[in-house]
Amino acid sequence: MAKFQDLKTAVAENLHDGDTVAFEGFTHLIPHAAAHEAIRQGRRDLTLIRMTPDVVYDQMIGMGMAKKLVFSYAGNPGVGLLRRLRDAVENGWPNRPEVEEHSHAAMANAYGAGAAGLPCAIFRGYLGAGLEAVNANIKRVACPFTGEMLAAVPSVRPDVSFVHAQKADRKGNVLVEGIIGIQKEAVLAAKRAVVTVEEIVDDFDDVHANACILPRWTITAVCEVPGGAHPSYAHGYYERDNKSYLEWDKVAADRETFKAWMKEHVLDAKPEDFADRVAHLRSVA
Amino acid sequence: MSELGFTPNEMMTIAAARALKNDDVCFVGIGAPSAACNVARLTHAPDITLIYESGTIGTAPDVLPLSIGDGELCDTAVTTVSVPEMFRYWLQGGRVTIGFLGAAQLDRFGNINTTVIGDYDAPKTRLPGGGGAPEIASSSGEVYITMKQSKRGMVDKIDFFTSFGHGNGGSDRQDLGITTKGPTLLITDLAIWRPDQETKEFTVVSMHPGVTRDDVQETCGWPVKFAEMVEQTPAPSDEELTTLRDLQARTKAAHEGSGRGKNQFGSQRDG
Amino acid sequence: MAKFQDLKTAVAENLHDGDTVAFEGFTHLIPHAAAHEAIRQGRRDLTLIRMTPDVVYDQMIGMGMAKKLVFSYAGNPGVGLLRRLRDAVENGWPNRPEVEEHSHAAMANAYGAGAAGLPCAIFRGYLGAGLEAVNANIKRVACPFTGEMLAAVPSVRPDVSFVHAQKADRKGNVLVEGIIGIQKEAVLAAKRAVVTVEEIVDDFDDVHANACILPRWTITAVCEVPGGAHPSYAHGYYERDNKSYLEWDKVAADRETFKAWMKEHVLDAKPEDFADRVAHLRSVA
Amino acid sequence: MSELGFTPNEMMTIAAARALKNDDVCFVGIGAPSAACNVARLTHAPDITLIYESGTIGTAPDVLPLSIGDGELCDTAVTTVSVPEMFRYWLQGGRVTIGFLGAAQLDRFGNINTTVIGDYDAPKTRLPGGGGAPEIASSSGEVYITMKQSKRGMVDKIDFFTSFGHGNGGSDRQDLGITTKGPTLLITDLAIWRPDQETKEFTVVSMHPGVTRDDVQETCGWPVKFAEMVEQTPAPSDEELTTLRDLQARTKAAHEGSGRGKNQFGSQRDG
């Protein structure tokens, strides 16, 4: 049952060294504030799951928090490569995380299977693709009716998932709108789920009957963190900060620049700082 | 701008736009594919359905998105679904007629690498990886590929099979049990290529205005096959050029206006 | 690409003798008008798929149109048994259709697999249940990671699906709201899809971004048939006609009563009659 | 109305309501389970989550629905999802703490038949079938069963295993690989039953006011086991009775007012 907490407490209570954790949000609603809090708390030996690791995992990898990465697209969206991830995988700095790489279809199905309580997902995938030879978690299952060999991957079952959403109501139910991505699956697949939200409203009475709502009893903690998705965006609240994504390409290019940036913008910062970061990106809508 | 009145990039985008039909359902990458699809929508194919893998179906953005998940895509979409639904019901369900892919490395059979340069376990360069590509390549009715030609990009042997095209050619694709057509079109900044009916090797069928056979060969890492009859790609029409340039100007203005930076790596496919 | 047609033409063009057909709608939005048109056109040898066959299939079965039934709950919701289905299965009147019986979980997964282009669905189901022994289309597949034996069923792939929805826009996109049931899957799993709607509106600009909308290119024909779900209901338009469901229990109890009722209310009627049948059930909302 | 001031049906519904907790997530059938769940919500368990298999999650209907898919359920729900999502993410996902089932035939180990009377291939009576029951029985944390006692309903051997309870008792359930608890409670119009810890046979642990052991045995098709200490079910409180009767009066008025007929088969589980 959802507890309303400050982000520091919610991260401390729900994320532990050695956990398997997903910070999800597909381009939209990426939970940066939660990730920064995890960085400040210095968690280690994490298995980081995320379809599109992008900047948020580049930062955690660069800080040496990742024991293993599970992902399907490790790029800086619209910009290029992830330089901290590259430095870790190519040069072992600051450590060399184990890599479990999938396709988007596989990850999406694996989250769905996790939410559905299944041990694995089957799909028509990886035909002729090289990942099957380098990832032992890609297997084949024969359809018992047609004999077709389908791809199988284990379900994703994080110890804890972090997502960002637009709204919670006073009971702790959570509303995600727009590009809903993999949010619902990430929450339902996890043992624990922490949700940061833009705001808390009285109720969802005016929301569409079939909107994506996560009932309060699927969530462990709700934290009000306006701007908490920055430099990603929250539809209806503020736009994507593309300049920050471009800037990251330069910050992450050099280890010392990276460390200095992390000290200033993460280690010495706090969740409340996110509101200021999106002030100039707030849309009229 | 060349003396021709358009750039090779513009020609590439417009040639790709022309290949799209009004009733196509197109799975769109970012950069050149996105521009091409939207030019098609704004010219001869007003009813084309554009799908971005973030879950937006039937989008009609006024400006080009910088990521596959920009809010504009959702605002203008017929509907926006979850990512699992996108890959299950829409891509795997066989609803996509054209999958548009870019490539870091491409071979003559349309196999694509966006995963690693060098060995997978000890890569020289760790690239972003496949994202949606492995299943876009196998589940879309056909695959169109766009990329700028270079010897580094168009190679004799790719380092990793991120997505499967025609394998080593011939019937390799159907031998694997894949029932879709795979790469049927390659559009570069210099030429239009189609697979040979038998060997499946990409063959130049049309060269853009002002381009020579030497130009094509010098920027390609394998010995280029030319069709018996190589046509000249019609130059962009005024309408096509105006539409593309207006779209890019709107895009630039919108992104600068909102504090967004210009996307200097626009041709990078985004997941 | 959706064509706007009258119901008679749409049924004639899309439903043929021997077809596998789904008329779907989970309690809500059951496409009665389309089924009545199929009855008037006298289709035969149909494989009728439906999670909850209820009154709409009781009528088709009683008229001798069913070669085979695929279902998971054959009752009159809130009332009791289906007397025409019973007469067919127990006594072979007017014929004895083949029965393929599943659970709801299996049917829902099978429709989902059909929509997803898969040959089969796997799920955790039928544990200890008797259907596995009497239905050859229930098999077991081992999870290649855990060894757990999961249930497998073939996907549902109808030749044609009929559904009822609230609205189409002028382009032929279709909106389903409220209890959306299995509508999207029924349409996407089918080779052809015919949709009856309460009304046609200019556009869906005011509809929620994540509402259940079927794009026009997933639909073969759209037919405006106000009241077309009666005695089921259309949320926002009219309420469920529970009296009719109760009345059906008496109508269907006797073969002659049934035939007389079908002549008066179906064979001698037309799609336009549905609007009158819901007039007293229209809600203020 | 008996001299006790309440009917056996009212006692059954209220006893079932009492078994539900404020933080339960309850998969609700129609008829008695629906009334019990809503009485619980309106008395001691205001925050209980009621799920109907039509996809409505967290409903709070003002009147009782007549089918599992009434509009009122959707209007008052926290959210309404598709039927595949309901069975995949919510039931199979392990989110349901209590599955409420009715039965046409029940045996002493909580196995249920709602499929056929007689042989499956040539049935004497073709019943509606399982609907959601097979997986409600295996995926819910626990299963509560309510039914009126009769020798026709509570039988020595059921004709068909629509849903699995404890099989032949003992560890049958876990031997099949089922990890949930299965039937942990049977509430009839006469008594409250719980499975024996070892044998898993339903055992009377409480009898409703005015009910005798003979009453229970005469309406049950197997030799009834009674617990060492058989309690008396507390009679309905004024609040419980008033809540139930008000709910039923509102339901009757609403359904008559809208041209709906009264549901005379309210205890029939609906799919």
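Labels A, B, C and D are assigned to the chains in the order they are written; within every chain, residues are numbered from 1.
Going forward, a residue touches a chain if its C-beta (ideal position, glycine included) is under 8 Å from a C-beta of that chain, and two chains touch if they have at least 3 such contacts.
Owing to the predicted nature of the structure, the values given are computational and were not obtained by experimental measurement.
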Just to be sure I understand: going only through chains that touch, what's the smallest number of steps from chain A to chain C? 1
Considering only chains that satisfy the touch condition with chain A, which of them also satisfy it with chain D? C
Comparing B-C against A-B, which pair counts more contacting C-beta pairs? A-B
Using mean CA coordinates as chain centres, what's the gap between chain C and chain D in Å? 28
Inter-chain centre distance, chain B versus chain C - centres from mean C-alpha coordinates, in Å: 40
Where the CA atoms of chain B average out and where those of chain D average out, how many Å apart are those spots? 57
Chain C: positions in contact with at least two other chains: 112, 116-118, 123-124, 148, 178, 180, 184-185, 209-212, 235
Give me the residue numbers in chain B that touch at least two other chains, ranges are fine. 74, 80-81, 88, 92, 139
A full list of chain pairs that touch reads A-B, A-C, A-D, B-C, C-D
Could you please specify the touching residues of chain A with respect to chain B in the complex? 26-28, 51-52, 71-75, 77-82, 85-86, 89-90, 101, 103-105, 108-109, 111-112, 123-131, 134, 148-149, 178-182, 184-185, 212, 233, 235, 239-243, 245-247, 280-281
Quick one: in the complex, what on chain D touches chain A? 23, 25, 49, 57-58, 74-75, 77-81, 88-89, 92-95, 139
Sites on chain D touched by chain C in the complex: 30, 53-56, 66-71, 73-74, 80-84, 86-88, 91-92, 115, 120-121, 123-135, 137-139, 160-164, 167, 173, 176-178, 255, 258-261, 263-266, 268, 270-271
Note: in the complex, chain A contacts chain C through residues 116-120, 122-124, 137, 139-146, 148, 150, 152, 154, 177-178, 180, 207-212, 235
Using the touch definition from the top, list the residues of chain C that touch chain B in their complex. 1, 112, 115-118, 173, 184-185, 188, 204, 209-213, 215, 217-218
